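For reference, chains read A, B, C, D, E, F, G and H in written order, and residue numbers begin at 1 within each chain.
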Amino acid sequence: LRSGFGEVIYCSGKSDKHLIKIFQNFNERDFNVLGTRASKEQFLKVKEVISEAEYDELSGIIKIVKKSIDKIGCIAVCTGGTSDIPVAEEAAQTAEFFGSNVVRIYDVGVAGIHRLLSKMDDIRKANCVVAVAGMEGALPGVIAGMIDKPVIAVPTSVGYGANFQGLSSLLTMLNSCAEGISVVNIDNGFGAGYISTQINRLAVRGNA
Amino acid sequence: LRSGFGEVIYCSGKSDKHLIKIFQNFNERDFNVLGTRASKEQFLKVKEVISEAEYDELSGIIKIVKKSIDKIGCIAVCTGGTSDIPVAEEAAQTAEFFGSNVVRIYDVGVAGIHRLLSKMDDIRKANCVVAVAGMEGALPGVIAGMIDKPVIAVPTSVGYGANFQGLSSLLTMLNSCAEGISVVNIDNGFGAGYISTQINRLAVRGNA
Amino acid sequence: LRSGFGEVIYCSGKSDKHLIKIFQNFNERDFNVLGTRASKEQFLKVKEVISEAEYDELSGIIKIVKKSIDKIGCIAVCTGGTSDIPVAEEAAQTAEFFGSNVVRIYDVGVAGIHRLLSKMDDIRKANCVVAVAGMEGALPGVIAGMIDKPVIAVPTSVGYGANFQGLSSLLTMLNSCAEGISVVNIDNGFGAGYISTQINRLAVRGNA
Amino acid sequence: LRSGFGEVIYCSGKSDKHLIKIFQNFNERDFNVLGTRASKEQFLKVKEVISEAEYDELSGIIKIVKKSIDKIGCIAVCTGGTSDIPVAEEAAQTAEFFGSNVVRIYDVGVAGIHRLLSKMDDIRKANCVVAVAGMEGALPGVIAGMIDKPVIAVPTSVGYGANFQGLSSLLTMLNSCAEGISVVNIDNGFGAGYISTQINRLAVRGNA
Amino acid sequence: LRSGFGEVIYCSGKSDKHLIKIFQNFNERDFNVLGTRASKEQFLKVKEVISEAEYDELSGIIKIVKKSIDKIGCIAVCTGGTSDIPVAEEAAQTAEFFGSNVVRIYDVGVAGIHRLLSKMDDIRKANCVVAVAGMEGALPGVIAGMIDKPVIAVPTSVGYGANFQGLSSLLTMLNSCAEGISVVNIDNGFGAGYISTQINRLAVRGNA
Amino acid sequence: LRSGFGEVIYCSGKSDKHLIKIFQNFNERDFNVLGTRASKEQFLKVKEVISEAEYDELSGIIKIVKKSIDKIGCIAVCTGGTSDIPVAEEAAQTAEFFGSNVVRIYDVGVAGIHRLLSKMDDIRKANCVVAVAGMEGALPGVIAGMIDKPVIAVPTSVGYGANFQGLSSLLTMLNSCAEGISVVNIDNGFGAGYISTQINRLAVRGNA
Amino acid sequence: LRSGFGEVIYCSGKSDKHLIKIFQNFNERDFNVLGTRASKEQFLKVKEVISEAEYDELSGIIKIVKKSIDKIGCIAVCTGGTSDIPVAEEAAQTAEFFGSNVVRIYDVGVAGIHRLLSKMDDIRKANCVVAVAGMEGALPGVIAGMIDKPVIAVPTSVGYGANFQGLSSLLTMLNSCAEGISVVNIDNGFGAGYISTQINRLAVRGNA
Amino acid sequence: LRSGFGEVIYCSGKSDKHLIKIFQNFNERDFNVLGTRASKEQFLKVKEVISEAEYDELSGIIKIVKKSIDKIGCIAVCTGGTSDIPVAEEAAQTAEFFGSNVVRIYDVGVAGIHRLLSKMDDIRKANCVVAVAGMEGALPGVIAGMIDKPVIAVPTSVGYGANFQGLSSLLTMLNSCAEGISVVNIDNGFGAGYISTQINRLAVRGNA
């Protein structure tokens, strides 16, 4: 990261004109480029001028990969429900883009704790866990209580009523009594994918 | 309830003069009386005029028991941490006052899920579970996911920072994806003890 | 519940592909299936592959009934206004799906208390009351003050201005001074229908 | 009002020096003076320099009455619980100070609706009703639904947890579906006493 | 009011089927009918079955007037800006429907205080003032400071940013230090029109 | 400012040891020093080691003046009520410390608009106005509507109930429709005194 | 300003009929006119009747310039990101309309502090800085810490999740510990452009 | 961690009886013990029964060290102001207790960015940075923008007014646009010290 690994563009809310200019800019300098929170329309505009651009509709990620990416170590990305998968994919694909191996463990929410318990062996192998959950948001705390690696908690805006667009899960995660947990913004899969890659890299290479 | 089982007085914020008058009123009519949220000072004032009054400092409950209470069925009262015990005791002693057997299962919070798992057999025997938790407030949802009896969730104001005096745990509980859970006010042990007794009574006696 | 009675799918926000796969899954295993918060579009997609699926537009409920359902006991579902009916129907139809008899008592809000008073005899016959209200949300507290059975309060997002999408009615219900009331999430008819069925079942069958 | 009827001083938070100066000022000009939200300490300081000052500890009101007050018409001041009485007294004594007859109807909260119903005849005689309630705050709406005179609703900060210092009752009252209700600030007995007196005066004297 | 003066239907969020049934119901009983918060589409549906129904697009009000309405007394309806006029018209037309004369004084917000000062003579003639304002919401307090009649304050959701859909103006009005002011829900022109008519009627007829 | 004019210490929450060390530090370097939000206890500790320190109890300001201060131009500091004076004095004394002439115009709140109107000539002479108000917070907007100089608005935490510790006045000020107004933190007299001095200096000396 | 410099119309939410009437009104009186927050549709309607009207789609500003505008002094308008540019342009074009020279320094957010540091010389030349930022909103505080001219901070609603439509950046700016900063409403480029022009004018012309 | 490294007790709110029992429990099992958020009174009670207990008043930490602790790697703990030091010390001493070397870099807040810039070389050497800040809370984002190691952000409740007990800094940190940042609860130095030690350990030892 920050040494030729690739550049990131936050696409949401940018005008087409601005967006294309920024993509072309990076593209000319031969970087790998990651665009987040892009709509399909934005992607199609970018694709017109940069034909090797790829798009994942689920996560809203645009990728332009010029130099092949070597993946190291392991990050586990977990979700409470299936509706959290778009955010989880933003995290997973960000981590992969920056060179981490990712194992996906989806739909293991705490309302049916045995699904989670049956996956703990896989989760324990990772250097860092990204735990994504909406509604009550209890998943990261329960995982953090069972492992001794850092857990990056991602609240999602999935839910309704007293969920208040993710506020409920955000607060749950900030208040977790488990040891070894920290939190990113609601729906911020990118942020979680990025910092978990920093940690994964430290685990594999040390502070080099 | 509502048929000679006993009367309830919410003591907090009442002037001594008012409070004593209300207690004497009920006492003369030979009811069992339950006072909630009473300070030690309030109890001592009441004790001066009604010598058989008893006080539990942990829960802040004053009790005057004139007719002996027969206990039926079973309610499980659980807490996430030790700091939630005062609220749990308000629930437990309210339930006992109105004639329920209570089993106490304290300090089984989800940050160390195995403590909870090891107690599930006891919890499953109850007709109704009162689950008390502060901070992240995930306990009731995890329990509700493992049993098919009603869970009454009680958020507590235990915590700091983004807990916002119990708001965090309240929202967690309202947003729980588990089936069979409903919620009372922050720190409202009394309310949970009362409704769980209604449910326990229905389970033992039916709609008689 | 949890023993062949049927499975539940939360449809809102799921992709068509995911949704159909989950429905087919349960369908093959010969369960009764309940889908909640489904749009008409979602229903039509499901109907294409599972022809016996039924849909109720008012409540957004999809039902696939393979084994006939025996109904027992009685739950009263009440609303403050006519705009609360969709949420009330989600509660009522959930309760019926899981085997409860339901009596519907709609539009008896407290701003015209005599409408409510004239229905109290019907309400008193139920083992459990689900009280649904938006705007000021006072209905559940007033009912709870008149009966000695559990009241499950459901705030709705009906209203405008300082209602804040149901926050006002949610807070009213949590703060009710009446005895025997607990609360589910804003607009969560399903949750209320489910726990009231648990209670109704205990009243009819005991803890069997 | 505003024509020699008397002057009002909001005492809370004023320094002793400031407070005494303002009281002396009015006193010299031979007005009747009403001080609200005064502590006992403040009263004693005022008493030292103005010996005819009177104090009511419950409501925190200081009164200096130089010209006798003729009372007209009728205002009903109602409360949900006994803990709301201090605010109700602020309203009642303000209304009396400005020349209204007041009838007090306390502890008629909606959690026991029959207490309220039995008082409706008295309430109906008033030109205007001040309805004071904490916790769930449903009283004003229920009263407004039964009468065709204006109801001034006063939320109080009585309660705990999700009451949020009176926010819950404030929102309840603002969202009431009953016709003929408007709301003042949390704990603002003074404001309710004042505007209800304006209305009472209009009813007795017309727009003179 | 409440004696043949007319009936009110809150149209927003009602299904066409429900809405038409309620309108027909009242129509058959020969009441004047007022529908509030109605869309143009709703009106056209109603018009199909009740041909004398009229609609005002600005305020969203449907009116069916069978018995002619005599107007008495005077209410002043004021707004801060031109964007507040729809809410003000809901208030004014409600007041007229229930038999009050209304004088409209629009666009006199406090950011240009002289516009307001030049209108004070007109405002002073009314028995009651309805003051409607968005954004900062200071208008009602400034008016109340200059008159000795009741001011009914209506916050509107006009504004952006830290206005939070009318919360800002609502809080301003609740906190006004002026004497003789009370507040209805955000955008609740109907509520203000109704209670001001009750007051106007008391001023003209007394408590008859 | 920032060139030998003086240094500022925010005293609140600092330990005595820390505080004294910082004061001594600046003192030795022969700066004028301004301490804000200091308690009397803190001042006495400072006084022990720096005898020329002065204290103003109303504003909580400690001053050590070594080089005499020349005052230029003019800032008007206005308040809505007398309870806002401590914050206003923090602003006024900060402005004077940094070299501005200050005219104080207190207790001219909008609930009695004529008090304010009678002072407008004085206010118009200033290069910049600091307008301090609690409760409804409407003063700055009304002033800004009458002058064409910048108005720095200071919300105070004076009030109760729906004031929410100054939130109400803060929102009012941010939403003001008047031209030429900007806002500092609740109770931040220091910040207002500082930026108004920057503006005053520009007006007198230009961008030198 | 306020002396023939031009008139301002807040277009958002006004009906076409109202809007055109107001524009024509000013136009006839031969003022320069500035319309803010106008949609393209609104502009086209205005253009039909006033052919010299111009529109800037980015900022939503309509301009009718009849008397040529002389620009004086200098205001620096800075943004944290490219998504803040629409709000910044509202500020810049407002300042230019009222006669200030403006230098634009965009996309210098604090997450890459060296971009900002490299522009400080330009920023230091201005009489006043308008600093526009969304998300974390730290830009104004960092700038204010490096200069001794007033900084007008404009929070934007750019962001997602715990940004809560600009609340996060608003709070950041209000809490800045830097000296010489005050804040306008979220997305209020107009307000910042206006007050910074007042300051710029004072700096160039003094209090004339 | 979790393998004999030591046990943690959250002391705040525990009764003396409970607290001592827990300390004795761990002490007997020959663990190193860390008590957080302990008052001096609590420490003295513990000291009576466990004489080797040590206390740090600034951070509120009780330590009982039985097995000597080897420290590895490096964590940088930074603060914005001096008032944030107690929380920073909780983080630093927690990290040291669990075996990390810690470098402290205090009072480098962004309102004077050059203080921070001059320390960047030290900060860059660490495997992980804990950045502690109150008020505007911008420090962690600015640091994260300059380094490629993980930054754990700790908002503090230092500030007043629109800080809302740390909410402002919490939101700032969650919304930071910098890459490589995640957040713990307000004032939760313990949580930051713990997770940064997990990361530091991974960096030194890998996933062993």
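Definition applied: a residue touches a chain if its C-beta (ideal position, glycine included) is under 8 Å from a C-beta of that chain, and two chains touch if they have at least 3 such contacts.
Remember, predicted model here, so these are calculated numbers, not experimental data.
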item: For chain B and chain F, chains touching each; value: D, H
item: Smallest count of steps, each to a touching chain, taking chain E to chain H; value: 2
item: From the options G-H, D-E or B-C, the pair that copies E-F, where over half of the contact pairs coincide; value: G-H
item: Most remote chain, CA-based centroid, reference being chain G; value: B
item: Chain located farthest away, centre of chain A as origin (C-alpha); value: D
item: Chain A onto chain D, rotation angle from CA fit, given as a multiple of 5 degrees; value: 180
item: Chain C and chain E, separation of their C-alpha mean positions in angstrom; value: 36
item: Chain A and chain H: spacing of chain centres that average the CA atoms, whole Å; value: 26
item: Centroid spacing, where centroids are CA-atom means, of chain C and chain G in whole angstrom; value: 50
item: Overlap residues in chain E, where contacts from two or more other chains coincide; value: 10, 161-163, 167, 170, 174-175, 177, 179, 185-186
item: In contact (per the touch rule at the top): chain pairs; value: A-B, A-C, A-G, A-H, B-C, B-D, B-H, C-D, C-E, D-E, D-F, E-F, E-G, F-G, F-H, G-H
item: Chain D contact footprint on chain C (complex, rising order); value: 80-81, 109-113, 117, 135-138, 141-142, 144-146, 159, 161-164, 167-169, 171-179
item: Residues of chain B defined as touching chain H within the complex; value: 82-83, 158, 160-163
item: Partner chain F, residues of chain G touching it in the complex; value: 1-3, 8, 10, 73, 127-128, 148-150, 152, 170, 174-175, 177, 179-186, 191-192, 194-195, 198-199, 202-204, 206-207
item: Complex contact set, residues of chain A against chain G; value: 12-14, 18, 22, 155, 157, 165-167, 170, 185-188
